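Letters A, B, C and D mark the chains in the order given here, with residues in each chain numbered from 1 onward.
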Amino acid sequence: MNTAIEFLRRQIGETAIKSPSPLMRWMNPILLEASEGTLSFQYTIKNEWLNPMGKLHGGIIAAIVDDTIGATVFSFGEPHFYATINNTIDYFGTIQAGEMIIAKTVVLKKGKQLINAQCEIWNTQNNRLIAKGYSNLLKTDVEK
Amino acid sequence: MNTAIEFLRRQIGETAIKSPSPLMRWMNPILLEASEGTLSFQYTIKNEWLNPMGKLHGGIIAAIVDDTIGATVFSFGEPHFYATINNTIDYFGTIQAGEMIIAKTVVLKKGKQLINAQCEIWNTQNNRLIAKGYSNLLKTDVEK
Amino acid sequence: MNTAIEFLRRQIGETAIKSPSPLMRWMNPILLEASEGTLSFQYTIKNEWLNPMGKLHGGIIAAIVDDTIGATVFSFGEPHFYATINNTIDYFGTIQAGEMIIAKTVVLKKGKQLINAQCEIWNTQNNRLIAKGYSNLLKTDVEK
Amino acid sequence: MNTAIEFLRRQIGETAIKSPSPLMRWMNPILLEASEGTLSFQYTIKNEWLNPMGKLHGGIIAAIVDDTIGATVFSFGEPHFYATINNTIDYFGTIQAGEMIIAKTVVLKKGKQLINAQCEIWNTQNNRLIAKGYSNLLKTDVEK
């Protein structure tokens, strides 16, 4: 087990105050599960995260997708940072203020330079898929 | 000129405290330009918006893309809300903490039910394209 | 069971010469499996389908994704045509001339107006994911 | 001017029978314009390219997007091949059998390893945007 995944496993059940991502510290999800290449987080929806219809804003869903995928790439414990090349998010449903959501990531392909990772956003009862995102990331030469 | 675009034009040079989007009120950009189907906003990067490398987080760029496109659809002054079907963001460069960015939207296609809108993220000198996003939105039957 | 899925099931093991899609008749895959919302096809790679590196062209993979997703929507037996709003394809590997590929589709979400469907492209040994595509489709008012 | 763009310029007004892409030779468009990073092609729609509604198949549009973007990357005359990481196509309209279309490409960003290129599909009167595609490509270590 690499040190990154060891670090993540110690955070299970905790909020994200020790995350290296300032955005994740602000969004402050609880880490539910952590293995190399797959993570699960629970988010409590803040009032600032709503759209004009009073539902969770698609832009925040996109931010969660990108941020949890970043953490998933981190879970491999590699010495270099990865940069997001692109992400695509498909939206399937809405979620109310006051509810919580679960973000579950998985890596579809890990090549020499490229990683493709995906993130599903579910309601906490796990019976409604809210959105799904897909990202490609490229290994940079910036060391951690 | 519809009442939505009149409302937006009165906000030019102002922050977004009157926006119907709670997310936009929190991100609080300054509206620079507003015409039906095309808007321009300036954002000051907050510390909570950074990634682990200390640059603007791709997830925040995605949130800005989705939120400014939402405002652009609003600029048509139609009686119904639109829901985002999907968005795709391509990332081209990074931007430092303390810098500002400009988000410029344009509508490529406005059909009976669907709108395709795009958003470019530039640095303020307007010589570096940071990211570009593309969204499809569907007219809902929810009235404003 | 609707008549569309009955029609498809009778084609299992056959080439696509009876397909309502002229493109599918030309690409002429063998239908392997068919249930409502999920299909599986086998394609033999033609010489016209190669890229300058002598591998299966990404554009042909995209065509297969879109065409098999169209057939998957057809499998619901609805009276109206659906139009593709967008599709996204992520590429993970290459495949040689002379090899065969399997395209497997699944519907992630079927709403009142929208369908989200996905298609994976595998080698025939089923141990290498070549590409994955994601499409959103909108119900039209054009009757079949 | 590099030798690739010189080669392309000599093909202006000609069909694609000399293209290094077998798919392009089969689709056989006429090259209309060629500069480094931007090309324009005219395609005559074949009967095999139709969908069940008798319009140009979205899968063929996707193939044209990917193939013309490949040719656009070729126009830089670099010694290495590029591989498509992903492409996204947004569809805006339909086009009939018997009509022709124009595919116009442009490179948005050319970095050290990555290229982002886009392709618009227009009718020949140039007043109807049929589709728009966006691709990211990565330089490989395979030499031409």
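Keep this in mind: contacts are C-beta pairs under 8 Å (C-beta built on N, C-alpha and C of every residue); 3 or more make two chains touch, one makes a residue touch a chain.
Just so it is clear, the model here is predicted, and its values are computed rather than measured.
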| item | value |
| --- | --- |
| Centroid-based (C-alpha) most distant chain relative to chain D | A |
| Which of B-D and A-B has more C-beta pairs touching across its chains | A-B |
| Rounded Å distance between chain A and chain B, as computed from the means of their C-alpha atoms | 22 |
| Distance from the mean Cα position of chain C to that of chain B, given in whole angstrom | 35 |
| CA centroid of chain B to CA centroid of chain D, Å | 30 |
| Touching two or more other chains - residues of chain D | 85-86, 88, 90, 136 |
| Pairwise touch network: line, ring, star, complete, or other | complete |
| Interface residues, chain B side, partner chain D - complex | 88, 90, 92-93, 108-109, 111, 116, 129, 132, 134, 136 |
| For the chain A and chain B complex, residues of the former touching the latter | 20-23, 25-26, 47-53, 57-60, 62-67, 70, 74, 81, 83-91, 94, 142 |
| Residue ranges of chain A touching chain D (in the complex, touch as defined) | 85-86, 88, 113-114, 136, 138 |
